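In the two complexes that follow, subunit A is the common piece, with subunit B as its partner first and subunit C second.
Let's turn to the complex of A and B:
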């Protein structure tokens, strides 16, 4: 009897294993978009190249481990070019879901090109691996189909710079602030959050200039003159990389000196900004300190030094700069890999459960992966830093971390000489 | 604030006159719509990048180089594309499709060779030839030029140089059109192409020259683009074409000199909107386009084109 039962069990197990192996797909389809041209190309291509580097690396190792099938399965990156156009992006996201039937949906870089994906993912009940789309409106308690992979939500970004101004500003003599921002989800949300932080603090700081400009703005000369007329002690500019390039160049060109100048992409895409603005134009500019400048301890994937070497090997022509976004794309890949290693099926809500289970546990070169209940990233923080000329190489700048004090590596230079 | 915006608007607008004048010349002579105009502008910027990167000299030297190179490119392109286009049933409509395709090809090829990232040239490099001459004549030390002061307020030196170059280019276009035999023939073709053909004018030769000059002027405008717009990418052309159209229609479609006025009006309006309603600044080309089409469809200098 025992022999018969054993034989039946063994046969059942064999059939079940065969069935599982038969169900396992030949490849895991990861669908994503990139912008090879247009306004967002400079933030999209580094992210895409980072993700591609990860996928190529994994495929060279035979694929990624997928717990749902208990085996390694090769990846297929299904990707289309949205050319920085949101209407094109919407069509292509739909195509990825309905025509290509991808297993995992990964958004393009930045809030503008992520926005169409958020709605489509929710409607189609696909879990969205949101790479760097940080717009506050993307994340809601009633939307389980999104999580932010590789940078904090826009509402969290400006906290260090606001805290610095609130706590250290008055002692330094900072009482009047000018706030200039591009009117899009990413920078507009940061401006709103920053304004609220300052107002709620009750600090003796007044916002004397508060204007939004279209994201397509490439000329700031008149705006800089208008800001200078309000005599601010600090100028906070929230814009994308092309905005920062134009803004910082115009500040240099008109010869205006602001005591404190903050820009986002001076820190996030420093190589790009150095090429376009020059190290001298970036000297003493306040900015976010990106993970590429920090050596976060990792428990999964390459560390920053190894990744930088792999990037240089994969993309030796230097056409796409290494920076914050290059790290973000690779980080997304790592999180996708870990999610597949934990999820018991490829059901989208199971992918969500698996992804959220990584919160607080996963440490990548981008910092600690931690999500709030809405899927907003709260782990990979962005300290405030200041750029100084590199004493060994005046064509380049280096970071000095300023705030919070616990992680500071130097003191702020204020006012800007 | 008002005076600063007005002066900045005039400087910026003069540059935009240069951006649009080539497009209008091409339309005026051939009645074809060059949707790749902005892409030739972008290529002009890449000539400047090449001059600075390879030769390490003042990007101003890229102005004559870009003009000559794209004059020749324009003449060649004319003979390849335009006569066939003119022989079609609806050349105006087909030109839109053909030049849109050309625009895409130029952007794609440039992206393959140069990547997608923003590129620019340090502002201090533009006009170094002037400071060198100044030092040679009056002594002193060469150094960065810094801002130019007008009415006691600082404006970027590249703006003033770009505006000066634009004025020179507009003056040369005027001399070409009104003081040379080729110009007289060009105006004859602009006025009545079929009659010009009937009187024995070599319309193709005149048109080829106008097409070449149009592209050459776009490339010259492109040399200054990295200084006027902060940076340039291969995708820069599309936006530049839209703005050029707004300026051309504003001045008067088919009248190259009307573009000069259109550019200044656009520049001043843009700076005023940026000063007082900054969030709306990017709507300006479209708003101006709608207003001018509703109120004065022939453009600000529309009457003159018929007399010319």
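Let's turn to the complex of A and C:
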């Protein structure tokens, strides 16, 4: 009797295994967009190359482990070029969902090109792996079909710089701040959050200049003079990379010396800014410390050193700069991989459950992956650092982490000599 | 049978029926929706450029203003989406009225001034100081009215109305007077045509069309930034599509949109790496060999093209 039962069980198991193997797809289709040209190409291509590097690497290993089928399955990256055009992006996202029938939907980089995907993902009930679209309007309690992978929400970004000014600023003599920002969602939201942090703190700090300028601004000469007239102790500039390049160049051209100067992209796309502003122009500039400089301990995927080596091997021509966005694309790949390793099916809400279960547990080269209840990223923080000339190579700068104190690697140089 | 009735029966009705039926057989509804939007915008460009000769490089200004007109009505006054679309059209008209003095300019001067005006509207809408009204640069999310099916239906209705108006222009004394103004405003004026009135009416009709298109676009996409709805690509595409087919006709912009936007998407889906090369060559070929658009292939042979 036992033999018969054992045989039936074995046969049942064999049939079930075969059925599971038969149901498993030949490949997992990951759909995404990139912008090879246009306004967002400079942020989109590094992200896309990072994601592609991850997919190629996994396919070389035979695919990714998919728990739903208990086996490794190769990846197929289905990608289209939206050319930074949002109407085209919308059509292509829909193409990925309705015609290519991708298993996972990954947004293009940045909020503007992510926006069409948010609507489509929600409409088609697809969980959106939002790479770097930080727009506050994307995340709501009634929309379960989105999570932010590799960027903190815009409101989280400026907390370290605000905390530094609030806690350490008065002792250093920082009492008057000038706030200049580009009027787009990414930098405008950071400016709002920064202003609020300062106001709510009650610290003896006054914002003496507070001005938004169009993102297309390329000449800051008059603005710099206006800022200088308010005699600020610190100038905080929230802009995109082209804004930072123009702003820092103009600061050099005008010859104005600000005691403290903060720019976002001096840290995020340092190679790009070194080429366009020069190491000397970046010296003593405060900025965010990107994960590529922070060397976060990882419990999944390559660490920063390994990833940089893999990047240089995969893209030896150096046409796309290695930086914050390159890390973001690879991080998204890791989160997708881990999600597939946890999800018990490819149902979109199960993918969401699996993804959210990683919150606080997954540590990648981008930091700790942590989500709030709406899918906003709150784990991958942006410490404050300062750029100093590299003593061995004066054509390049190096990072000194300043705040929070626990992760600091040096003291701030203030006032700027 | 009067020619206007023929045009309605054999061109407008089939096109509307096709776009009403297509969502049932093709799933990428957003692609179909974009076709409808560009059919509307290309006809809007046709109204102002084809019939009056004013090339509106900043045509997207009306479109974006309409989108934000829709958004403000929904966000601030919780109006039903259909009413908000109508208001979007009126916002386009209001902006058109504001910009009427631009009609004193002509040629490249008008085109550049119109482009500058659209950028001014963009920066006005995206101004952080207006965050409480427009949400400034931070984008709008209109989840309360999100209904892609109804928005698509509304877009088809707007397309139908636009086509009916173009059929009217093509077959009426008013349209003929407009073309006379375009060819030689002094002679037209001497012949008793009220040049200023004619131009203003065409200008406002064109603005109304773009405003309505912006409204239904906002209804469909529901989450967008100023950069999305004021993207210069809308102007460029609408102008290129209209010119490719041939302006001052009913069929030209329709052919232009279906062929060129079709090819655009086909290349985008199949050979994105050659996207700009192929598209650029196509447009260069048009400019060099068919400056009056595809319909000129027929008109050169003496065939009548409606």
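What we mean here is this: the second predicted complex is superposed on the first by the 401 of 417 C-alpha atoms of A that agree within 3 Å, B and C clash if a C-alpha of one lies under 4 Å from a C-alpha of the other, contacts with A are read in each partner's own complex, and residues count from 1 in each chain.
The working rule: a contact is a pair of C-beta atoms (placed from the backbone, for glycine too) under 8 Å apart; a residue touches a chain by one contact, two chains touch by 3 or more.
Please read these numbers as outputs of a predicted model, since none were measured by experiment.
**Q** After the alignment on subunit A, I want to confirm one thing: do subunit B and subunit C clash, or do they fit together?
**A** Partners clash after overlay.
**Q** Output check: A:37 vs subunit B and subunit C. Expected answer is one of first, second, both, neither. What do you get?
**A** both
**Q** Touch check for A:255: first (subunit B), second (subunit C), both, or neither?
**A** In the superposed model, A:255 contacts subunit B only, not subunit C.
**Q** According to the stated criteria, A:409 is in contact with first (subunit B), second (subunit C), both, or neither; which is it?
**A** Neither partner.
**Q** Touching A:212, do we find subunit B (first), subunit C (second), both, or neither?
**A** both
**Q** Contacts for A:321 in the overlay, against subunit B (first) and subunit C (second): which applies, first, second, both or neither?
**A** first
**Q** Which partner chains sit in contact with A:140 here, subunit B, subunit C, both or neither? Use first/second/both/neither.
**A** The answer is second: A:140 touches subunit C but not subunit B.
**Q** Examine A:88 and indicate which partner it touches, taking first as subunit B and second as subunit C; both and neither are also allowed.
**A** A:88 sits against subunit C, while subunit B stays out of touch.
**Q** When the two structures are overlaid on chain A, which partner does A:183 contact: first (subunit B), second (subunit C), both, or neither?
**A** Both partners.
**Q** Quick one: is A:119 in contact with subunit B, with subunit C, with both, or with neither? Answer first, second, both or neither.
**A** In the superposition, A:119 contacts subunit C only.
**Q** After fitting the two complexes on their shared chain A, where does subunit C collide with subunit B, if the options are 20-28, 38-46, 74-82 or 110-118?
**A** 110-118
**Q** Between subunit B and subunit C, which residues of subunit A are contacted by each of them?
**A** 36-37, 83, 183, 212, 214
**Q** Touching residues of subunit B toward subunit A in the complex: what are they?
**A** 1, 4-5, 8, 12, 107, 111, 114-120, 122-123, 146-147, 153-159, 228-231, 233-235, 239, 271, 274-275, 278-282
**Q** Which subunit A residues qualify as touching subunit B in the complex?
**A** It comes out as residues 35-39, 41-42, 45, 83-84, 183, 211-214, 216-219, 221-223, 225-226, 229, 241-242, 245-247, 249-250, 252-256, 272, 275-278, 317, 319-321.
**Q** What part of subunit C is in contact with subunit A in the complex they form?
**A** Touch residues, subunit C against subunit A: 27-31, 34, 37, 123, 126-128, 135-141, 143, 146, 148, 221-225, 227-228, 231, 233-234, 237, 264-265, 268-269, 272-273, 275-276.
**Q** What residues of subunit A sit close enough to touch subunit C in their complex?
**A** 36-37, 80-81, 83, 85-88, 90-95, 98-99, 111-112, 115-116, 118-120, 122-123, 135-138, 140, 142-143, 183-185, 188-189, 191-192, 212, 214-215
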